[in-house]
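Listed after this line are the structures, all set down as structure tokens.
Here chain A shows up in two complexes: once beside chain B, once beside chain C.
Right after this comes the complex of A and B.
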């Protein structure tokens, strides 16, 4: 296709440009002046020319273009960069003079790019950056070339290899050379190339191997067999990493369930209150995150650290109010408690609708929460999930320590085990109830902060998690925090291993059916509460 | 519920009331507006209510229709599907409206359908849908699958060179039917079954880790892979976030979406989405004098410079203008006469061509494929050379390929079986 033709054009241009070192500023200026009138079709050759103009300004132009920072003034056709800082203040720089300029008059038009142009720019940049003094830039350039090994000459690669001293980059360049050898169909080089490729987990290596497998006219039957063998080795490794990835997904789902359920494990498990408004405590936590971000727009990076205590306080206070105003009068009447708290949940939902609007609110994710940690080419772990697993476990253990070591924790456990006896020992059981309920609700609020990073923040957020929370608590065994941990994680992992086989809808049905049978056999859950109470 | 409707209605009516105070009751043409103003669909449908009101307003400024003033009657079906039927009945029986503009989800349209057919009303439905339906009383101004899904797949197949396909959708009627059509279309075009992966998720799905990781694996076999997404509603946001987090860019695996437009993208940081595709019959970014005028008018009417326009708004615009033209031609608002006059009516669309109402009650429209930009706008990268005729019954499904729809005399049938030579539905 025309992609290939273009690639050849780029190659030729590059070799040529290194020969012709005569560069002229005027040429670059002329090319830039053409940007406002170009369309997607004429932009590609224009960018080629800009890249090979060898002008020091060209690499910035290409980079900014792919980021969408290049604009022009429709009337004067002046081309400029627009930069926006965290406060949203815009600054403008002229592309040709590279001088800062005043805000131009009138509406600016953008020099738009599409996927094709973006890919082209990346290739152009990768070629330029392979000789960059910065190791990080060279590495990403090498990775970029790996995605399309046809875009570079073997000689160019070998030249770079001779100079390169970074192990990681050498490895990638070796793989690129091996891929080129494999693709050439040269039987003599096949063994060398396969030896290099055997250890590589790169998706592009696997893709190329699969393509070569089908190229029967290019390879002899025995080499096809060799290729198949290497492919099998790679697939075995990838499969193994696939399991690791699934376990991670399961743990991440489990840790979300754990956070959502752990508050309930306290209110339902320890106090025996069926709190249908638990989901709304989660929702309030999520909205607190939103409010925090609205109040401190400059502190986006730290907004979650502010939101966690804030959400704990907000949800905790609302929890205490609910306990004092509603639940304490309904002690020992579970059905009435259930209905009353259900009513409270509806009131809270409507309240949020009235105050914020029925539409979803946008909660931004800080920079450090996005992206992923590439452990190896076959296994990567997204940062937001990783942090959430760690966070959720630390909340769990903090709570455990609190209940075991603090005096309030001691009182909570005492009241839970035997209310009358605790009262006789001068524990104010009413206040312990309120504090316990506040604690459970506060942790639900923290869960809301976490969920705001994963899902949409809207009035119905809590409803989606209330059922799951009850499931976790019942499955784990009422009144046992360790039970909640084990059940949340096992439900998460079970779900994630079923999902690829059956699809998400069927997976949750199967998990539910399985739970029904489990509860039938073992109504007290995985880890029943020990003790003589009741 | 009644009270709320009343308040909304009276406040809206008041604005037009000043001009129509002196005109007697029979001098008014009533336009029913049946869009959810509360509930999950409010985000999308409120915009369409405002569009109809703007159009009514504008028509009145031009002197109304047949010398009469137009009056909008707004009801709120509250994203509650059975309530759509109830409210439609209220509009037709109590308010005696001459035409209804409304509906968004397919299930709301299905709910209104029996009422509107029983009472012989007229409904303009402005949203892309799954097809496999044709009613005498409904005019479909949104895209049918051959005006959105099929061209999008063609683009990915021919221009991007996609060989492997992932069909993702929310688990309800529109994605299921559309994917059934697409699967059959892909197979007819020589795609092997093992190169197609289909997956459905519940409404509001938020944990996309597994699915996105599956997409990644499915796309790493060396063949170009594309995702066709009929994921609906707010589940799209965590989906695209996860795509971004797992580092799948539009250059590796492009995702083409049929339910994501300017309105859904507004107020959302679209930088992780840049380059992913959307297929519609209209984009705000398309530069024509008609479109610029419409956008300016909309921004002034709504009083907010940040508001965007989208495809269902254009469909509402076309539908309203067609109805107005047909009423003027028929000289009456009688449903049967206007229906006849509507067939063959042409009005300019906003993308620089004309829209035609075909005898099957579907429009002929151009199809555009665009790439999402970081400012939330969508830039056209491909368009059909001419307009595409909306097809009520898909040619790619075994069950409907022999069925056609023609509401003009003498056939006057919504599901005529070409092979059997008879009309199998009610006339």
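Right after this comes the complex of A and C.
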């Protein structure tokens, strides 16, 4: 008994489906046959019907049509695709039977399309892709339709909504339905549609709402008020995400400042040496990245992993040379040290100019650095900035651990606190000085690798960062690595929040001026070093 | 009698300056072109430029050499004075500019400004311009000085802050919205007080004015550092704390000196602009300020005349070297920074004045050579 019912059901299903497919087959053939006789005006509704026929052949037809590959034989009205391979040989395929056919007799005529038709085809394809089994294609199709909601019928949408199981796509489709309801001007559906739209951050939703706000004859005064309220909610949300984005940009700028400044925080803060050539250490690091990429052009993906230690070594070595040749003779004369290291920076700049030319050099970014992470329509995060934040934080903590845990770190701190006492305890202070200076310079080199991914690499690269780095160190409190972290991040964020108000140049001027005032009020910085005097 | 009069450095410098000025003018006007005594107008102009640098170096030496304030912002005061003069010269162009606007300078017409911004008002008056030349750098230095010295910012911190100040000003003046011609600065000047800037006579007069200003400035500086207040300033340089314990208000001494020095720098800038015919935001760049420091260091700081010597020597070497080998100049300048600080802390003047120092330098160098050979 049960078995019989099942059989009947299967039978009914089978015949029904075959009937449907047969019907759509015939419909598609009939529609295609009309192609040769249609003009631009009648082509649009025809294509609409072809797309709605649910025939598997329709998507290819639409695609080939927009590429201009569809021809017909004027005498027999046979419609066919033409394909040309690299040698220019033409092959023909019948549209209805999808069989390859011989070169037809007589001249062929093209089914002509214009831009309007091409846009239409794009929308129709999006509608068809809405039924594609691949989730990614469905998502992008839904986004495509969102851009022009009038291109789709509500029934089509509802049909899809009933079948759709992916949350993200359902959300977008809901928004599309709501937009259609809103545009229809139906007061009964207004509340429903507005509730849906309130949660959406898509720029298109906002634009539509703005439009509807101005269509006074379509909506009553109270619904206009409702629309306004929803628009305000959306704007508030977008603004909030704008702040989040600003903070993120600020953190990424701050982490660049941090990387540039922690080297200085060591040499200036710990050793008390003013190194005006610090910016040039950054520049050398950036050029090392360039050289690494020139030496191993095949290893672009890994070039940064090679460049980081290489830059550390190059800048660190140059730093040690500077310390041994110049700075050690100027101990206790900070102003002279400033002058001498400035001289060194001029020499290094000119050296780079002579070796690499004064023009900017292009440093490539590996594949994995590009792209971005779209969190929602109003907020996206680029990978390179994200990596830079993570990288600079890890360098910072590595340095912190190094100074706290390693024996060299212990010596460095001992010499910084009390040179004479450290010497008395048989610490070789000269050697420690050189190593500290090398460490600080090496980290500047690493900063150069990071900067090479963000800006142009040129001989003046370091100049732009030296004053900022000094201010970060002084602002945070000399000799205090945590202070440098806090001050770099807060300066970065401050800069990014000022930028939209005043423009980028004015923002950096304001920050500079603000810092100058701050330092005059509080010369010890945010977190002064604990000491006996003062 | 003559030898006796010639004994102080003040008189020596004054006499040298007067003699040079008079000689250059006579050589330019009296001797015909082609004569070996002839000094070309180009050289007169160049000398005038160098003397402006000398005045600038003098102003820095006053604060650095005598008060220990190593300002890396004197280029900014110089440029501000220059801009003040440049504004007057722009207004003098009148309707002879490219766009022929009788009131607005060309760049403002180009940027669609409808009227002069407020800070340009009055700049067509020469008297007001002279006031601006001194007041703008003076007020900036006064405010900066009061804030910095009252909170006891000194040494390297002060240097970096002055550098930040000039850097911020540079960024600001690069902006078109500032109303100072942006990137291109102010240029295309035609005449000053009705005299054409291209004419030889105007240039000679400007040169003479520069000589006279330098002379007066030198005299005043010398009086400042030798009077009683000058001794206090020297005391501040060597131990500020001790001086303040004795009962002096060190802040006011420092602020006065810093402000006066900035005004001198502004005057130098105002003399410089009509002679070179352009002022642009590049003058604010930190490297310019630091070059002034190296003039003073090379000449010998704390002597006043050393600053003049240093500015002249370095500028002369710069124009010679950049002409011969453009690449080499930065190497040379960088090398000078290092070598002078390492081996010649008292500069050229220190070597010439003090035979012992000369001997010491030779000993030091030979010692190091010997050590290197030994190692």
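What we mean here is this: the second predicted complex is superposed on the first by the 399 of 534 C-alpha atoms of A that agree within 3 Å, B and C clash if a C-alpha of one lies under 4 Å from a C-alpha of the other, contacts with A are read in each partner's own complex, and residues count from 1 in each chain.
As a convention for this text, a residue touches a chain if its C-beta (ideal position, glycine included) is under 8 Å from a C-beta of that chain, and two chains touch if they have at least 3 such contacts.
Since this is a predicted model, take the numbers as computed values, not measurements.
Once chain A of one complex is fitted onto chain A of the other, the partner contacts of A:219 are absent, as it touches neither chain B nor chain C. Looking at the shared chain after the overlay, A:347 reaches chain C, while chain B stays out of its contact range. Of the two partner chains placed by superposition, A:278 touches none, neither chain B nor chain C.
Residue contacts after overlaying the shared chain place A:40 against chain B, while chain C stays out of touching range. In the superposition on chain A, contact is made by A:474 with chain C only, not with chain B. Judged by the touch definition given at the top, the superposed model places A:335 against chain C, while chain B stays out of reach. When both complexes are overlaid on chain A, the residue A:505 reaches chain B and chain C alike.
505, 508 are the residues of chain A that lie in the contact sets of both chain B and chain C, per the superposition on chain A. Interface of chain B with chain A (complex): residues 38-39, 42-43, 161, 171, 199-202, 204-207, 209-211, 213-214, 217, 220-223, 234, 237-238, 241-242, 244-247, 250-251, 254, 267-269, 272, 274-275, 371, 373-375, 379, 381. Against chain A, in their complex, chain C makes its touches with residues 70, 147-148, 150-153, 155-157, 159-161, 163-165, 167-168, 171-172, 174-175, 286-287, 290, 293-294, 297, 327, 330-331, 333-338, 340-342, 345.
The part of chain A that touches chain B in the complex is made up of residues 1, 40, 68, 110, 112, 114-115, 118-119, 122, 203, 206-211, 242, 245-246, 249, 252-253, 256, 358-360, 362, 364-365, 370-372, 374, 380, 382-385, 454-456, 458, 460, 464, 496, 499-500, 503-505, 508.
In the complex of the two chains, the chain A residues touching chain C come out as 274, 326, 329-330, 334-340, 342-351, 353-354, 463, 467, 470-471, 474, 505-506, 508-509, 512-513, 515-517, 519-523.
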